[in-house]
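Take a look at the structures below.
Both complexes shown next keep chain A, but they swap its partner, so chain B is in the first and chain C is in the second.
Then we have the complex of A and B:
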């Protein structure tokens, strides 16, 4: 549980600009997408009485971590499911300059054509009902797959050029590690459209467990174990040479936390020295490549509670540019704005709270 | 690799290792010169002599693999340059250019100079002038840590393995421990 994020508190702790890079929104119900779906799929949904993809499994609605107290809706409305709610809770209350919407709408399983249709509908819904409604909003594309890279790339090309889309949502639990070459068309499309690839908590609709050794028994185990998927994805992207193949590729790790990054990178840097020949495209220390191509959302802060300790971890990142502030609305990871600001040296605060994200997502430039 | 192969001092700072014909391409010897273990290599017809001590952590460098230079611009495009040979320390896999002794794994570029002091190279590792009973002394000079190999476009690392002059005289391999003049 965290202290409520109030307007007064926000101003007291941090008076500068805020860009929130991880505002999670929900499709309130599958009917919300009917205006954007072809008849055949509406009939399919009705005939099968299918309620639509659900994030219940990731975020059981009554878990305290799923929705912060002050962001729950009294009338039973699905949390984070309308522009009005995001405006009230984030844009206005926290006086946020830009908020990047990540709709974790798990369409990465099921019949392939249906997955494509749902992703297209969800992106059109995002454009018409969110991005058009408030100029402070930006969004991540929802992609079909992720076991269908051609379809993912096609949707990036179709919807990516539309105003307001700055990123594509790449579920952390993918069928194969993202460094594998089968994903090259996706990264090619991201480069082509100058979009960020946002590796975000999500995926697993095809039954992929959060750990490589299968399913844990309890929610708390899964909640904490989730980070290992991100760790594996980062190592895969580096080892397979993704950033040498796509030198303009920008990625963001969202919901992964960042306290694990220095340790993993130390380990990879050290071992790379001895086995560099195996991955000769990796000509520089892997951690340096990360600094050029990857950014990390500040949430969740993994339970750190002492600013001095967290400050040390941040120092170990070796760059002021790697962190981007995110509330991970509407989740409650126990993150504290006081702790974050207190752990950042003065020069880094504006960067983490706003500038790094503006730079990474090219916010405010070229119609973005 | 035969160990502690006996060498013969000529008394002029040079040591006779043995018949060159006994060290055909691909073969290596480990010899003992004034208490120093030195690896003698025939790399594709070129003889090399390297002190059997990795400057990183002291591993037996000369027992490592001799490998060609593997390079790549991006995955899927990989080349092997067999004309450049590196010896790879069996302890941590560090690579050393067999010609210059320069370590190459670790780009000097963008690293923390506090943690990685500039590379050092040795003019000639061992002074042998008139004190055979005294421990040999090493002379170090700082090398240009930001030297970029124009051929391989790689950046010099922080360590330099000690290489020794080796030549063939009258069909015999001769290693010099003398400091070069000048």
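Then we have the complex of A and C:
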């Protein structure tokens, strides 16, 4: 089976340290944010009987892929919605040094002032009720927008310096590709605050369908093809010269998987040879630029079942530094720690399981 | 003349002696001659209104010359690359000793013009290819252009063309349909293809100017647009498989043209992993998703794989082969575009002889039912 479900299994497969870069948590209900919202918004929510932004589109709550069975709560509590659950399921069971919390709280789009108020409230909630509760936790900022880069940058400057925030959550479906220069204030703010930009599954896409051929019909159909959205973001960031404009920018691709990366980057390298005069800021192979600026979470791993095949893909990444272990708690993608460890050469294991993330997120040696 | 009988390449490429390629993707260009095959109603309409390509980014984006053509493909008498069958014959068929080349005419305009015009352009294109190109050299084969906005017309057009010539060897579908490719609205096209024993080839066919170029809106640079073609493959394949197209049409064969192939093995992994956790959504699907991918899909070579280190070509191709696709990769030149591939310069000469033969000719000969001319 996939994740190490017992402490013994984890120790048997991997006895070293673990940093989990993708622990997905939920706001248990919109009322949880009331202590952090101004009265006018609480009134607005109550009058409209608004239950809060829905994550059903990306994570239908009854699909096994959204929440692993054993992580559902018998009392009807929203899965992954409290420190206690994360502590029990991940921090203690896997003996994790650090876990990075990604709360997919979709407040992009909608009325701009409300979007800002909700993002601020969610970040204050994260700080007070999560980051203060366990020293092993780190978190991604929730941003308003993404059609409002000035507001995104302002929230990065407001909440980013507070202890425990190491990243800003950038929904992969951003409506406009992140390479577009209107996002420069966002990347400038990330550099200024020494935070990582985490491009993660999610986002309202400004109402656009998520493919160039309209809306997929089936959930599984859309999930399987989601790789193309990450591919598009990567090519946009490279093509537009984002990394030359912001030489200290660090990005993480989360929930994207990584097995598509070598083939896609070979593709970008080849066409760069033919078309590079159009994008003169790309002075090196795009793959080399990616190695300096982007890291990939291991989940979903999509590794088939043969360690040798996955090892080949990992070798093609051409660097030991690109992968960071993530469970994508509480999702179930069938990822297997045994397969991952089995496909990593010995020298890479500590890097993927912990060191690459420590380096990228500027984490210390141990959380406790 | 049957394919290949007199073809001899212009020179000898070491490691490829005696291999006579089949080209699965060449593009001709009807230009103004298309008007000769159109009714006056729509000829006059084009004079008055034109094709109405949506100006999304394209006027300012610096494309690689008109239609991305290689500069030296402009015929001696002028015009666009691919507009003169005789010159294309010299530059492509004679140069490399190609025994059969499948024409795909990138000529669709739909979504923002009257359906009557859309299907008229497709029909005229099919007639132009038959009357001008088939007549010019026996080695030319052609796609049947369809119009996904009018599936029942498309089905009838497939039957009409198939009745007129056996040298129409595939049905042409756009990678940018308005609904994902597996949507039941397109099933009449697949049904007709199966009925007439023709594979369906997906290739960019002009709609890209009218649709957002990615799932997150428009790209800015030609570098992005050109390089991202492969990103259309995953949603296209996912839609065809999960909509149940292959359960409905078990004999359907699909060719993904200019969509590369290194993404295939990772996609198998993801599809099957997803299937294990999400199958409750789609209990009607008969088999593991990767089974459909292995059984029903073919792939083409151009743009050729050019990895960071030469040995990675062998590693990637062996992995593709090992996962069940050894008879599924077919050479395509993409003549006359700037990034066209020579059959003999775009793959490592060090591949086993049998592999080179399969990719350059054997796999396509088997799929299209063409005679394979290999001199040993």
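As a convention for this text, the second predicted complex is superposed on the first by the 356 of 368 C-alpha atoms of A that agree within 3 Å, B and C clash if a C-alpha of one lies under 4 Å from a C-alpha of the other, contacts with A are read in each partner's own complex, and residues count from 1 in each chain.
Definition applied: contacts are C-beta pairs under 8 Å (C-beta built on N, C-alpha and C of every residue); 3 or more make two chains touch, one makes a residue touch a chain.
What you see is a predicted model, and the numbers here were worked out from it, not measured in a lab.
*Asks:* Could you look at A:280 and tell me whether it touches chain B, chain C, both or neither (first, second, both, neither)?
*Replies:* first
*Asks:* Chain A residues in contact: does chain B have more, or chain C?
*Replies:* Counting contacted residues of chain A, the larger count belongs to C.
*Asks:* Output check: A:244 vs chain B and chain C. Expected answer is one of first, second, both, neither. What do you get?
*Replies:* Only chain B is touched by A:244; chain C is not.
*Asks:* Let me test your reading of the model: by the given contact rule, A:40 touches which partner, first (chain B), second (chain C), both or neither?
*Replies:* Neither: A:40 stays clear of chain B and chain C.
*Asks:* Is A:213 in contact with chain B, with chain C, with both, or with neither (first, second, both, neither)?
*Replies:* second
*Asks:* Can you list the residues of chain A that meet both chain B and chain C?
*Replies:* Residues common to the chain A contacts of chain C and of chain B are 240, 273-276, 285, listed in rising order.
*Asks:* Going by the contact rule at the top, pick out the chain A residues touching chain C in the complex.
*Replies:* 63-65, 172-177, 179-180, 205-206, 208-225, 227-229, 231-233, 235-236, 239-240, 257, 259-260, 262-264, 266-276, 278-279, 285, 287, 300-304, 309, 312-313, 316, 318, 332-334
*Asks:* Tell me, which parts of chain B touch chain A in their complex?
*Replies:* For chain B paired with chain A, touching residues are 67, 70-78, 92-95, 105-107, 109-111, 154.
*Asks:* Okay, in this complex, where on chain C does chain A touch?
*Replies:* Of all residues in chain C, those touching chain A are 62, 64, 175-183, 208, 211-224, 226-228, 230-239, 241-243, 260, 262-263, 265-282, 289, 303-308, 312, 315-316, 319, 338-339.
*Asks:* Which of the residues in chain A come into contact with chain B in the complex?
*Replies:* Chain A reaches chain B through residues 181, 240-242, 244-245, 273-277, 280-281, 283-285, 288.
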